[in-house]
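Next, two complexes with chain A in common: one pairs it with chain B, the other with chain C.
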Partner chain A sequence: MKQWSLLLWLYALLVVGLPLAGLFNAFLYSVGLAGPLATGFTARYWQQLPGETSLLASLGFSLYVAVVSVGLAIAIALFLVLRHQAALRRRPFPTLLYVPLLFPSLVMAFYLFQLLSGSGWLARMAYQLHLIQSPDGFPELIQDGAGIGILLAQVGLAFPFFTLLFQSLYVDARLDDLRSLTRTLGASGWQFNRRVAIPILIRRAAPTLVLYGVAVLGAYDIPLLLGRNYPQMLSLFITTKLQRFDLSDLPMGYLIGCLFTLVLMAVIYVTTRWTQRHAL
Partner chain B sequence: MPSDQSKPVQDAERLAALPDAGPRNPEPAGFLRRSILAGGLLLLFGLPFVLLLLLALGQYWRFPDVLPPVYALDALTRVVSADSALATGFLLSLLIATVVAVVSTAGGFVVARAIAGASRPDRWVTLSYLPYALPPVLLAVLIQPYFIRLHLSGSLAGVVLGLLLITIPFAALFFRSFWGEQAKQYEQLSRTLGCTQVQAFRWVLLPLARPLLITCLFQTFLIAWFDFGLTNYLSVGKVQTLTVQVFIYVGEANSRLAAVASLLLLIPPALLLWVNRKAIVRRVF
Partner chain C sequence: MNLVRLILFSTLLCTACSTSEQRDPATILNQSWAQIEQAGKDQPVTLLMWLGDPYINDYMNKYVKPEVRKRYGIDLQISGGQGAQIVQTLAAEREAGQPSQLDMAWINGETFYQLRQIDGLLGPVTEKMPNARFIDFTNPFIGVDFQQPVNGMEVPWGNVQLAFIYDSQKVAQPPRSFAELPAYVKAHPGQFTIPNEFTGMTILKSWMIALSGDPKLFQGKFREDVYEKWSGAVFRQINELKPYFWKRGETFPEQLSTLHQLFANGEVAFTFSNNDAEVDNKVNLGFFPKTARAYVPAPGTIQNSHYMGIIRNAQHPEAAMLVANFLISPEAQLKKMDPTVWGDHTVLAINKLPADYQPRFNTLPTRRYAPKRDAIQGLAFQEPAPEYMVRLYKDFRTKVIEANEN
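And then the complex of A and B:
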């Protein structure tokens, strides 16, 4: 038993200790006690935080991308699972839905860049069909203000995964039997979906959906290729601040990184505890 | 732990066990609807392969041409030439992903055993989620100052260690379902029958865990293979894996080589999909 306990403490030191030490270091940077420009304790950076309009824009944009892309992916997956249940059990769907999972997010971003940019494949087709006269005539679908390219990439990666997830939960919860039962009791198909199937599927999938949302909130690869310089998604905003030549940006970069990590850790903690408590 | 301990593996098995063919539906309307849906998804999922192949093979492909005027294999043949950056990147990615997969699968298996025997396994499970669920680039931001001090920044060892911080907790969470009552009973039985602890581990528990070990090996390989943010940040662009090369080529507006690197990135996961579907889906809840 002693060697197991030693192993666990080594594990804790490596996988939790190092990130926590990093978090502490980031905090020290934010109060002027660490870093190349450290001059002693100061609350200056914390006081400047509410005035960082670019941070608020970045936070808002990240939340918007996470909520909209995960929401859309859930809606598409639910539509496929509930409206095309019989089809999903037949070839080629069980294999077909795995195909998008082969794509690293960077490759998905590169593909959409080549497809949707002003001189991309769709724009070339539109030109040949005389729908546009030049690349400028094609609507902005990447590096645009609304983050359409980012949303499309995130939804394209997420909805096949959610469909597989909901499909497995659908089978596990024996929703086909419940559907028959509710139909016998006089409920319509829409009532079954709204009052029985969707609540069961969402509740069971909730932890995975929340963690997926966290991953999208902290996404880096896709916004790096398909996003604008302003507003940036949070991970990109933080790394940009930390990689600038201006060393005076470091404390603010670490402060935002520290706060963002703490918020995500709290979300992950609450989600996992909730999962354990409800034995999901 | 409550009954959710066996959940991840059950979920993975359920996903893999989804039937390929349901009862026959003779309705023509159902057939038509299924065909339209299949056609739509095939188009959606097949288009990236078509466009990437066109980009890799096409030469002098400029706006407004819909198809390349000339096709050539020179970009693809660069992969097999020993001194090319693409070949080096491919081998480097393969090396990093293999080392990470082997170390984290072995480590995660043992750590999960330790967690199962701990007095408060729930707490260890929650702790394991923190590094695994944090966005990798954020983790890299946090640990980079220490990596600089330890001279690990910009090195292969630093990238491997950084990835292990994500994959070992993942593997530990993945294996927690294995170390339930059944595994304990098998271990006790083999000890009662005269096995030493090492023999019980080697001849009873390892064979029992073999399917899970293989799946975990595949999944941790893919985590490392797909990673870009953490690798690029920790290596400050010096360890040029395939994902880093895709980004570099995109920055240089060299879409041909970016497409070749992208296609190379798809090979291992496609092989895994062919061998074992459940190896692709990464889930620990």
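And then the complex of A and C:
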């Protein structure tokens, strides 16, 4: 029993202690108490934070990508689960849904880069078919202002996962039986979906959906390959501060990283509490 | 009680991690070369370097590693990493009072500048190395790194110059000078862009010096007035040209490899390299078309050297010095300079070499797609002080990239 207790503490040290120590170290960087050029306590970097206008653009763009991509993926998954139950149970469709889950996000990003770039497969085909006059004529689908490439990659990875999740919850909650019951009470299919099925599926899946959204918010490799230099997603913005040529940028990079982590932890905590209180 | 146990365990863990002793740099450097050879034999050496080129990786893995093992019994372990990553690793180790996990690192001027800021290098070391006698440290492209005298604190390894690369089948007459570049870009929209990284910043520095017409302005310490005047001129020109850049200048490749990919796919007509001979390497690999050519636009581009730094708190500094000394041996430099191996220009002064080596350097297989070194030596600018790079990188983001939105 004692051995198990020790193992548990060791696990706690690894998953909580060390990340918290890292966070504390980042805080020390941000107040000039750690780092290669640290000269003692200073609030300078915190005071300079409001002047980081690119940070706001970065935050806004990251939220936009997270909300839109997770929202679209949820909509597609709900559509498939609620409107195409028969197809979802028929092979090979369920197996096909697992295929994108095997792709690391970098592979998905690279695949879309090859497919959709100005010199990609689709552009070349369109050019050969005389649909466009030159490769420039192909619409910008990656490294574009609206982040379409990033959204496509994120939705492509997320919707199969959400579909499998909702499908499992659908069976678990016996929604087919509930559907029959509401029909006998005179509800339409749309009313059942809107008032019964969607609330049940969303609330039960909420913690997973939020965690997925947080992961998208912190995505690195997909926006690195498919995004623009400006606005950048937050992880790229922070990495740029930490890995470029100016060591005096390090405290600001750590400060933003530290705040980002704290905000995400708060979001996860609040959402988890909320979903527990309103669980169905 | 459990909490006490956890704290005790953590303390034990930390103590266990910090038991290795740090060695006094003066004692290491006071040894004779014979003593260094003796102490460095049969040791492991950890080298951190950029691993982005298959030719370079092959040179290290298939030639250097077996050679140092054969000569000294050294187990050379190579890990990927560069620039700020090296600096941050060393800074963190120093804060933790740990000896370094690294013994040596492949560095460039901006990392040299950062490592000097944190006192991360062991030295002077070159005066210890027998093969350093073949290097002409009075050559300003070798003995001075980003306007900082090397003073033995890093070991020159190779010398390169920024080159423009184009596809001669698609571009009949590339712009032969920075002065011709704006007209060319306007006449060929969507074909030109600048990578937002080290090579891109080297282009901006070269462009800035070219516009000023006086390379001497950029020698010596950083000058705010010079920077403001000539970076402003470059940014004005780029912002005027942006509508004619790739993707209308709304975005720029974040990495040189991305630009190489765009060039290989034919999406842009130009890419660049900090190694004037890289085009041969990429054509030989089949990555660039055989019609790719490299050249240096007038009045010139930046030429610089890259170096090996021995880490101040290295655990195997003697072995690292043996490896560095081998890397600057005539044999290893000759092999590296061969365009079919790597094509990295030597840092050795040919006239200082033993008589039997001089003709071998002079009769190396010639570059087929890159310009001859003799032809571009007159078009070489010295690297300006590192602050130019730091400032250009920041200002390129705020005054060019983000200017789209402002």
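In this section, the second predicted complex is superposed on the first by the 264 of 280 C-alpha atoms of A that agree within 3 Å, B and C clash if a C-alpha of one lies under 4 Å from a C-alpha of the other, contacts with A are read in each partner's own complex, and residues count from 1 in each chain.
As a working rule, a residue touches a chain if its C-beta (ideal position, glycine included) is under 8 Å from a C-beta of that chain, and two chains touch if they have at least 3 such contacts.
Small disclaimer: the values here were computed from a predicted structure and weren't measured.
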Task = In the overlay, work out which of chain B or chain C sits against more residues of chain A.
result = B
Query = When the two structures are overlaid on chain A, which partner does A:Ser5 contact: first (chain B), second (chain C), both, or neither?
reply = both
Message = Applying the document's definition of touch, where does A:Leu242 land relative to chain B and chain C: first, second, both, or neither?
response = both
Task = Mind working out whether A:Leu13 is in touch with chain B, chain C, both or neither, as first, second, both or neither?
result = second
Ask   = Looking at the overlay, does A:Trp121 come into contact with chain B only (first), chain C only (second), both, or neither?
value = first
Message = Quick one: is A:Gln143 in contact with chain B, with chain C, with both, or with neither? Answer first, second, both or neither.
response = second
Ask   = Who does A:Leu224 touch here: chain B (first), chain C (second), both, or neither?
value = both
Message = In the overlaid three-chain picture, which partner chain does A:His130 touch, first (chain B) or second (chain C), both, or neither?
response = neither
Query = Looking at the overlay, what does A:Ile268 touch: chain B (first), chain C (second), both, or neither?
reply = first
Note = In chain A, both chain B and chain C touch residues 5, 12, 119, 135, 224-225, 242
Key: Contact footprint of chain C on chain A as seen in their complex   = 5-6, 9-10, 12-13, 17, 34-37, 54, 57, 117-120, 135-136, 140, 143, 145, 224-225, 228-231, 242-247, 250
Residue ranges of chain A touching chain B (in the complex, touch as defined) = 1, 4-5, 7-8, 11-12, 14-16, 18-19, 21-23, 25-26, 80, 84, 86-87, 89-108, 110-111, 113-115, 119, 121, 123-125, 127-128, 135, 156, 160-161, 164-165, 167-168, 171-172, 207-208, 211, 214-215, 217-221, 224-225, 235, 238-239, 242, 257, 260-261, 264-265, 268-269, 272-273, 275-276, 279-280
Note = Seen from chain C, its contact residues with chain A in the complex are 2, 5-6, 9-10, 83-85, 87-88, 91, 95, 110, 114, 117-118, 190, 196, 247, 250-252, 254, 258, 262, 265-267, 386, 389-390, 393-394, 397-398, 401-402, 404-405
Key: Partner chain A, residues of chain B touching it in the complex   = 1-4, 7, 11, 14-15, 18-22, 25, 30, 33-34, 37-38, 41-42, 44-45, 47-48, 51-52, 55, 63-66, 110-111, 113-115, 117-118, 122, 124-131, 133-139, 141-146, 164-165, 168-169, 172, 225-226, 228-229, 233, 243, 246-247, 250, 255, 258-259, 262, 265-266, 269-270, 273, 277, 280-281, 283, 285
